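To start, the structure under review is shown below, and the notes come after it.
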């Protein structure tokens, strides 16, 4: 497998294989370069321009680090490693512009990972779908992402997972918040009964340093919520976007149109095609 | 003057005044959020998503640091300080998507700072223009940016200027290259005969450390040229964009249309409006 | 006042004045280069070799930053600024090798700031004492350090003070723990009723970000306690040193001898002069 | 082999094996904690208190990274890996206080690696010597350190070696100079004809990025020489120490006495035992 090094601002060099490069080169994955990780947070933190593209790459890399970590005490086959890495790489492929806002905050649309039509589109019909089918891993990847593969699912899509380990570092780096977790945290991960666990014990004793590092991880998560994810400017601008999309859907915008749009082209279409609708016109002028 | 702190990933907190906030809130300035600092460099360095917006803010801040530095030996009035800061903030306001490519590499358009129509548009007719006029500083700002104001022009728009001091740090930060210049470099700047100079002398002796720091600055510039600015993938994709824009201009795209477009919406328009032209269709499919 | 820049690994360039340089050049202050900030913590964190010398310099610098911060809303005279800075610089001048161990953990000796003989020695009789007397600031400095000067004492020697702001950054930097507080923390300090306060309010509302930053400060303090200050290896080796010093004092070592010793020369003297005492010989062989 | 993690301020966690821990726990190796890496450079850079102990540990780690790097194209046996690591760990074991000053600048003593008596003492007669003999690797280690083992010698003791890769990062970190080489530099190392080479070619083409990174490495070396290693204050104080040691040797100080001394205890002995000699008394008062 030919090996490629990609330089990431957060993790340094990331090593990826030929199949992973092929998946990244699809139109669906490249589209993620236009979907910002933090939506309109840039209104408050102007350098938060990072996208789901880099985050997906970083999640693959954190998944790699977790596999390395658990391999000290648990064997992981090459095939399983491949599934975990690719699931991590593709965990956000179904995202649409301002997804969290449209799905979670306003519920204009079903959640990206609960929307069967979207899942089918991205994993079975698109260029990505064709590559996965050729490799015979479509169902394997979906099972990992749907949480049905024990520790493999935990690494790629769990609560304390590769996803979290990437975005905590990435969001703080691009917002300019001086917070980080300690690299030794990887030492605490292990596989027990087919689940990824964070090991707080050593020889029957509580490891206080592991516990305080876990608390630190959650604290960074909290700090980001407080200062970034739920900043009132972000929430208010998100509500305006949701309202505009909702109204545009009544005027003919279809959910499937959102699958090919990026943040900027969604704004552009709202302003160009739906500006006869006076509320949309009003809202988009203020974005 | 009310004071606002903006958190930047590169410089930390940046302090800006009420007039500067007002200029940043104009549609022309906000548009810079859609114009990436490094064009298509993200194809090679995926985290290089930073835009001319943050760079402009950072240039204001580096101008502030230079004014602080030269004030140790040279007095700078509050009015001149204001002109320098605002000139630094607005130095890239005339930029269009993929400007360096269209102007410098392919010469499809005149350079952003040599194009009188564009200068007029952004500094005299737009919202920015109205604010500058109200404050009576339009001509002052233009003189600073055109290099006619001695050290003030040197700080805002010279060869070793606030612009350079920002983009060296910013481009390395977002590309993930571990390079930086030493913060003590500001100690070496002074004003002599109304020009900003880099002082290599102390009590009649060569300051070797200042010289090696200056060389280091130029080395970082060189490293960025070699690995980022002139990376073959960036150059090749830039040539494709230029070709597509050139062809679209024959089909009706006007130079003034580019003044309101962003990177993504330029691509979108090329693909939507000019795809009957088969070469444009071919080129945009590959971007 | 001639100005000197000293490069510190933690804070970068620190600016000091002529009187401060003169105080630093005394034998008593230079002696601090031989007294490690963290005692025997190097047995666990090998790079924790930093001393009370750099910490004192850094505390001066943090005091300077706090004065700058409170000056936004409270006027501080040049004379008071000078007292605060010098008090911060000298706050640890009475320290002896393994002071915290001998004074706090084992109580072999009175605490460095409660020991009148030592205070007299360092602030009235030594070279430092003569300089302070010449400047007529001896009593002023002592009053600041003894907590009798309101906000000035709070900055130089309070619970959340220049001391804390330096050692949290310094201890994490030299131990290699990836923890830091946010630079914006200085924005929250103010002087109210002659006391330094950490302002958690803005326009009558709780500032959650200031609160979480304060919590973060205390968390870093806790993490250092858990992993460094009270690491069992550090505590055990400290107990051995205390025992050896206690026994040596029965054999003739005088408290005033400790005033000129450094960490290494204390070990050397214990091994050379008191090794007939078999317990001392045994203990020092193991250090 | 039981595995231990040691947290280093420069490289983060360093993984060492049981035999390496045993060697580090000897009196000869622990003595390195008292020998500063940069001699009297702390007079100019107060935080440069790091010692040959941490540097030796870091050199082992850089040797490990180089072995990992060359293993991509060249097989390295477990035994050879062990020899390289231990040679790197012990490469400075024969150092005495202010070694570079006494040996290279003033030639009061033969160089630490050319002094057969010292080599014999540290590698054959001491606790370290007994451990190496028990493991049957004494001659192997000496051959590596004497440059007689091709790429193994190059990694542990060559011109561009683990030693350099550690001290460039360590000296800049502790002096507070914002310089670093790029982590990708390890990609350029390979073994060709049993020598460690820095590969500037790929498919018959010059790799400009590898070349500029090599130049950067040499530039950091130069910057350190200019600002730290040959700073006039360091050179002048070094000359005073050399003079004092030279005079003390005429009065009875023996070269073998230096083998057990540390920086601080050397000063102490000069001041205590040789202060009848008026020049020594004069010199040591000024240190």
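As written, the chains take the letters A, B, C and D, and residue 1 is the first residue of each chain.
Keep in mind that, in the parts below, contacts are C-beta pairs under 8 Å (C-beta built on N, C-alpha and C of every residue); 3 or more make two chains touch, one makes a residue touch a chain.
This structure is a prediction, so every number in the text was calculated from the model and none was measured.
Trainee: Consider the two chain pairs B-C and B-D; indicate the one with the greater count of contacting C-beta pairs.
Mentor: B-D
Trainee: Over half of the interface residue numbers used by both subunit A and subunit D, so same, or under half, so different?
Mentor: Both copies touch with mostly the same residues.
Trainee: Taking each chain's centre as the mean position of its Cα atoms, how many Å separate subunit A from subunit B?
Mentor: 31
Trainee: Could you grab the centroid distance between subunit B and subunit C? Build each centroid from C-alpha atoms only and quote it in angstrom.
Mentor: From the centre of subunit B to the centre of subunit C is 45 Å.
Trainee: Quick one: which residues in subunit C touch 2 or more of the other chains?
Mentor: Correct list: 7, 12, 177, 183.
Trainee: For the protein chains shown, what form does their contact graph take: line, ring, star, complete or other?
Mentor: Contact pattern: complete, every chain touching every other.
Trainee: Hey, which residues of subunit C end up touching subunit D in the complex?
Mentor: 6-10, 12, 33-34, 42, 45-51, 53-54, 57, 173-177, 262-265, 268
Trainee: Okay, in this complex, where on subunit C does subunit A touch?
Mentor: Per the touch definition, subunit C meets subunit A at residues 177-183, 208-209, 212, 216, 219, 222-223, 226-227.
Trainee: In their complex, what parts of subunit C are in touch with subunit B?
Mentor: 5, 7, 12-13, 183-184, 187
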